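Listed after this line are the structures, all set down as structure tokens.
What follows is chain A paired twice: with chain B in the first complex and chain C in the second.
On to the complex of A and B.
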């Protein structure tokens, strides 16, 4: 599953990520393009017990979360 | 006309978190021509809370202006918070507000009743401060913003600057931290009512009682903690005073629930821009929890006074205030490699 949170201001990316993992998927990728959502979505997913890795692509980031 | 509009849905950033990032701001203002006057005792260069202008031999005026977009949906409370925040800069200089003017940006799509409530919230706080509102200026603008230009008068030798902190002084904070985090979570509907109530109570509370009480004690330096966070505003004091400041991170007064909300990523963007600006000026000892670092960089709206006092005075002041949110949180030490150290 991939969620596009580019262009969104906090707390919207975290709120959308929270909705997206309501059914507890095994993995999710979240795309962000600013530092605050990168940090905040990563923190949220870690707090929800996901393992989080970040891939940087041209000033954007893909947050890869797996159980 | 919209009647049930959520004020915070009309803005991207709110309260003092809407401040332009300090790094960007300094890139411009550090290169502006410095305007000097023999009567201007505190101006741009000292980064103090308000300007201090000599009126007579022993009386100065203390002036400030502050306005921002809403961080709460209730227009009356927004008016109260914006006014309490603007008035605070005069209290942070040790003064008493005398006269204020409104600054209002108001969307043409909103009911005039909303404007009425914002302005009434401002009046309520200015009245509580014992000052008067005398006019103002209003602009039609898609993003609502409100605040005040405030002037106070005081004796020249009673001004609390941000540059008088001396080694051995104790550091007292008079309001709890974490308001920016709670406001961010509230915008997403994720903050508990208890956290919201505590944040609103804190933001609408005038720094008048803290200032009036502290006037009975020796105060070597003072500022208020707003958008640049505890770390940022204390760094300004440390730099202006030529000292370093040590905080006991476990002593910080924190709004109920703010630490947990930070853990879940409900953190305003300003927390990160504050860190970007301060990364080589502030140090955290190893082992400090991430959510406490978030609290230290969290932009506050209408935050408390940060007072630098002899230890005995600080202890007596905290005892007299007798509030859980008013605490002795650190001390002034000789200038070290970093301006601010969290232990």
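On to the complex of A and C.
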């Protein structure tokens, strides 16, 4: 599952991520393009017991979370 | 229990900012007003003659420093990111209303914490309103409230507000006669300009690095059960409290507090407007200044909304008046009829915007 949160300012990316993992998916990728959502979404997914890895590409980030 | 790096950094930054705020008061800023984003933007509105209330006119270097501190550190860390286009006009209007709410209470969320740390219990009533406003805003966020996506913009667009602040600073230094400065009242009380500017720069850097936000702290607890952001808020309170106790500036009670009134319902509702508006904007007035420095032109527009709101508040008699003693009789201040109507209207309008952008937004997305 991929969630596009580019252009959204805090706290919207985290709230959309929270909604997206309500069904406890095994993995989710979240796209963001600002530092604050990158940190906040990563922190939230770690708190939800996901393993988090980040790929950077041209000023955007893909947060890859897996159980 | 381990404390995360983010919480630790926020605690350190909050503590330092608390100490800086109290030092600014010792060096001349009004009591419990080492930093107040609303009051200082209001003073700037007076200084550049957008409003003419004689006691509150000064070009506060702290505000210029906050924007430029954020601008400089975001360039150094390559976080400067020119972007905008997320409902700029709505953000401007919400900025106006947040300022009307703040000035009904006589302070922004930052000053609310500073007032509380000096024993001003009116700020506790304000904080209850602030927390209720954020709770209300969080309800709409959970229902899908959004002001829409922002987009990348040209670097000049993102840097424009910082350039404006540089020009303002240069003009204040070389041609102060252009501006209006209070001769008495809070606007006449200020720390030396270079110290105020440096304090603003340091706090701007700290707030940019830690993403400190007074509204975000409560919001994240409500929505995410996450206490990270509120750590800065708590550290600021504790360190300012210690400094106030050490310097004899702590006085517990409702009556005779510096630049404050004890009209409880309007303290509550003023900060309710502020809390709701800040949650819709995604951050408190301090955070808007920091984001504006980082290149976010939506936040820059919001800052202009705050500035306009300050001018409207004073030109139309909406702002709160402090408690006073007249002929030996204690007179409770507060806001006049215009102010009461404005605060209620702000609540109604904010709720209407929140409803439209929460429940009718799916067609736009």
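Please note the rule applied: the second predicted complex is superposed on the first by the 67 of 67 C-alpha atoms of A that agree within 3 Å, B and C clash if a C-alpha of one lies under 4 Å from a C-alpha of the other, contacts with A are read in each partner's own complex, and residues count from 1 in each chain.
One rule holds in what follows: contacts are C-beta pairs under 8 Å (C-beta built on N, C-alpha and C of every residue); 3 or more make two chains touch, one makes a residue touch a chain.
From a predicted model like this one, the values you see are computed outputs, not experimental measurements.
If you stack the two complexes on chain A, which partner ends up touching A:6: first (chain B), second (chain C), both, or neither?
Only chain C; A:6 stays clear of chain B.
Looking at A:14, would you say it contacts chain B, chain C, both, or neither? Reply first, second, both or neither.
both
Just to be sure I read the superposition right, which of the two partners does A:42 touch: chain B = first, chain C = second, or both, or neither?
After superposition on chain A, A:42 lies in contact with chain B alone.
Please work out whether A:31 is in contact with chain B alone, chain C alone, both, or neither, and reply first, second, both or neither.
neither
Take the contacts of chain A with chain B and those with chain C, and give the residues found in both.
Dual-contact residues (chain A): 9-12, 14-15, 34-36, 39, 43-44, 47.
Can you list the chain C residues touching chain A in their complex?
Residues 4, 6, 79, 81, 83, 86, 141-142, 146-147, 149-151, 211, 216, 219-220, 223-224, 226, 228, 282-283, 296, 298 of chain C touch chain A in their complex.
Along chain A, where are the residues that touch chain B in the complex?
Touching chain B from chain A are residues 9-12, 14-15, 34-36, 39-44, 47.
Touching chain C in the complex: which residues of chain A?
Interface residues on chain A, with respect to chain C: 6-12, 14-15, 18, 34-36, 39, 43-44, 47, 59.
Mind listing the chain B positions that touch chain A in their complex?
Counting only chain B, the residues touching chain A are 12-13, 184-185, 187-190, 262-269, 271-272, 290.
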